[in-house]
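Each of the two complexes below includes subunit A, the first together with subunit B, the second together with subunit C.
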Partner chain A sequence: MSSFLKIAIRNLLKGPSTDPYPYGETFVPKGLRGKIKYNAKACVACRMCEHVCAGGAIQIREVSDKSGLEFILWHNTCAFCGLCEHYCPTKAIRLTEDYHTAHRQEDKYRYVEKGFIKYVPCASCGTPMVPTAPELLNVAYDNVNKDIERLSKLCSKCRKEKVCG
Partner chain B sequence: MKKLLQKIAKKSPWLYRINAGSCNGCDVELATTACIPRYDVERLGCKYCGSPKHADIVLITGPLTARVKEKVLRLYDEIPDPKVTVAIGVCPISGGVFRDSYAISGPIDNFIPVDVNVPGCPPRPQAIIDGIVEAIKIWETRL
Partner chain C sequence: MSTYTIPVGPLHVALEEPMYFRVQVEGETVVGLDITAGYVHRGMESLVMQRNIYQNITLTERLCSLCSNNHPCTYCMALEKIAGIEVPERAQYLRVIADEIKRIASNLFNAGILAHIIGFDSLFMHVMEIREIVQDTKETIYGNRMDLAVNCIGGVRYDLSDEKIKYIRKQIDRLKKPLEEIIDIYMNNKFVRARTEGVGVLPKEEAVRYGVVGPVARGSGIDYDVRVKSPYAAYDKIKVNVHVENGSDVRARAIVRLREIQEAVNIIELCLKELPDGPTCIDHLPEIPAGEAIAKSEAPRGELIYYLRTNGSDKPERLKWRVPTYMNWEALNVMMPGNKVADIPLIITSIDPCISCTER
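Presenting the complex of A and B:
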């Protein structure tokens, strides 16, 4: 009896343990894998995320006027596994801590994260190419010097000619 | 009397859960949302019920496997109209990681009119609560 009273009094003093959400604020555990954010500026279109995606949620394809690549991620088939972020060399794709995913049926196919990578002309021959993100250079080289900067503005063909002769 | 009943019913939709072949991840989250005091879904005025005949809002998990399809559709038809349908997890919405498998017949909205989607694999209890709040809003307009 006394132990029961002890528990009852302790619980009374502690107050309710119910999470106030949706009427109040809730907690978000650190590292929660929520909706995905994509940064086209850092993306080098290596398509690794598309390849590893567990839910087949990612599509990267050339737009019809051939001016660049379109990135589409459909949250409604994403397993929030985090593989895309893990394998992305430049961390252009990241999982945020935003878990508010409920939406009406009419928005089902609009529940996407989109981005667009605009081609840039090669500095030498003018062939359209995916711009080299500085994030990739930082991963590949300890020290990005002027030569590397210049090479990164060339398409793969011109780069080969320049480096291998 | 009918008006009074309608007014009361608006405030207390009953929830019913159908497992259409889920991996149980989403069902565990649903059970958590409903049964432990921390998330206590009854604060929203709703209550879980055990019979489809008593249900107002139906929560569906799982990708609608080929084996379970007929049973799910039969069960769904037993729920009286009006009803609101919520798809919990990416499985019922698109098939999720099971999409294009020979063993599944989903997505579920090919067979059942869905009103609210709560993607996640599984969604956390707060996200499920968001979905139920949305469903209650729809429920109030249907009654």
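Presenting the complex of A and C:
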């Protein structure tokens, strides 16, 4: 009655249930929240990721020669919470299934994900501006036509003038 | 017989988290108890006031590991109350599923530790292996074994495809038989009984007097469960059978937790069956006006209460939470006296204390 022996023998016959990691493969499901990957081409610099990040792992700032914005994310400060990906309108920032984060102590502060958004001149007035990612247009419009594409090359001031006349 | 005082903790082989007990003993019997806390205080109530409403979703999820889902969930419910946000129905169900999956893993962990403390390590290993089914499920559905990252303001951040629903069904099916087996062992095995029956008794009147909650209350015959008394998320649409035991001892509390795992399995199955279609989250960024709200939920350890006050800015003016362990550990003053020194860690484990929630 209620003896554990049967279960113990069954478990013994089943053999080890642990994975042989790091000498062999281990269980990595699709959708695991691992290291961040950033795609500068899809980023519209809305800074929402920076705003929601609890640990302050993300920083977006203008480079000294004012030619664009630098995105930097410290992997060691990231808590893999996924809020940045959730709130990113274009999914320029996302979590990958890569969970390998071992690195040397001396690389501690260099263990980062970086990206650079180069300003482009406004097609009308030439003011430097963050390029409009096609991903954003796809989120905003069902159907991106020539007019919308033309408007997306303008800075916000010229765009307003163009649209409101 | 001589009376003397022995220290237990703050670091102790059988305690999961640091806590310090000054125990007065007479021979081998406990006669009195002093509890000293504060070893894992991290100033989180102050930290939340320095972070915005979004950042606090992540921060509250990291208050503790075993009931980590309840914190951001209850916090988001408080925000939603202040802002008058209507959470989509599908999201309500998805919140319940996440809640119950965490409950299974948490309660199995406690059952395992109990076996470890009474020296039944093969049972401990077996229970932890069953728990791996749940851990794998969490990792596959939510992307992490502990922090599910389910909640956001106005809904949830995950969705279940048909494929994933099938997967969860399969996984919880795998739990059913092993669960029945271990419940039989915890209830009837003579070694387990010898160590848990009549140990750490908390009579019902004392349980009421101390205001204990969760499995500690339900193990002492108190029929109280937030999911039934003041339903949140989709619990108003789902029948929850509250399991109550009258033994008032370590064994009764263990049985309540194990039965709650079975009930959680039922609840998840029901949710998967009735999961309504629709959005999983509101489609705009919330605006949080000035106001205050209280929200509560049934964490694996009992009733969790959040108080939130906002002032119109995006940082909370005050956020305070009352966790189940706060009342439950005071009741140790009743459970301990009269028991043997060797049972001290066992009785502490039987309240399933979460020190990091309580001290934050």
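To be clear about the criterion, the second predicted complex is superposed on the first by the 152 of 165 C-alpha atoms of A that agree within 3 Å, B and C clash if a C-alpha of one lies under 4 Å from a C-alpha of the other, contacts with A are read in each partner's own complex, and residues count from 1 in each chain.
Everything below uses one rule, namely that a contact is a pair of C-beta atoms (placed from the backbone, for glycine too) under 8 Å apart; a residue touches a chain by one contact, two chains touch by 3 or more.
Note that the structure is a prediction, hence the values are computed from the model and not measured.
*Asks:* Would you sort A:Tyr87 into first (subunit B), second (subunit C), both or neither based on which partner it touches?
*Replies:* It touches subunit C, and subunit B stays clear.
*Asks:* A:Asp19 contacts which: subunit B (first), subunit C (second), both, neither?
*Replies:* first
*Asks:* Let me test your reading of the model: by the given contact rule, A:Leu32 touches which partner, first (subunit B), second (subunit C), both or neither?
*Replies:* A:Leu32 sits against subunit B and subunit C alike.
*Asks:* So, does A:Leu95 touch the first partner subunit B, the second partner subunit C, both, or neither?
*Replies:* second
*Asks:* Contacts for A:Arg104 in the overlay, against subunit B (first) and subunit C (second): which applies, first, second, both or neither?
*Replies:* The answer is first: A:Arg104 touches subunit B but not subunit C.
*Asks:* Go through the superposed model and pick first if A:Asn76 touches only subunit B, second if only subunit C, both, or neither.
*Replies:* The first partner, subunit B, only.
*Asks:* Figure out whether A:Lys157 sits in contact with subunit B (first) or subunit C (second), or with both, or with neither.
*Replies:* Neither subunit B nor subunit C is touched by A:Lys157.
*Asks:* Is A:Lys118 touching anything from subunit B or subunit C once the two structures are fitted on A? First, second, both or neither.
*Replies:* Once the two structures are laid over each other on A, A:Lys118 reaches no partner at all.
*Asks:* With the two structures laid over each other on chain A, which partner does A:Asn11 touch: subunit B (first), subunit C (second), both, or neither?
*Replies:* second
*Asks:* Report, in rising order, the residues of subunit A that make contact with subunit B in one complex and with subunit C in the other.
*Replies:* 17, 32, 54-55, 79-81
*Asks:* Spell out the part of subunit A that touches subunit B in their complex, as residue ranges.
*Replies:* Answer in residue numbers: 16-19, 21-23, 26, 32, 54-56, 74-81, 99-105, 108, 111.
*Asks:* Given the complex with subunit A, which residues does subunit C contribute to the contact?
*Replies:* Those in contact with subunit A are residues 51-52, 54-59, 61-62, 120, 122-123, 125-126, 129, 132, 136, 139-144, 147, 149, 152, 157, 181, 184-185, 187-190.
*Asks:* Can you tell me which positions in subunit A touch subunit C when the two form their complex?
*Replies:* Where subunit A meets subunit C, its residues are 1-4, 7-8, 11, 17, 27, 29-33, 51-55, 79-83, 86-87, 95.
*Asks:* Hey, which residues of subunit B end up touching subunit A in the complex?
*Replies:* 37-40, 43-44, 90, 93-97, 99-100, 109, 113-121, 123-131, 133-134
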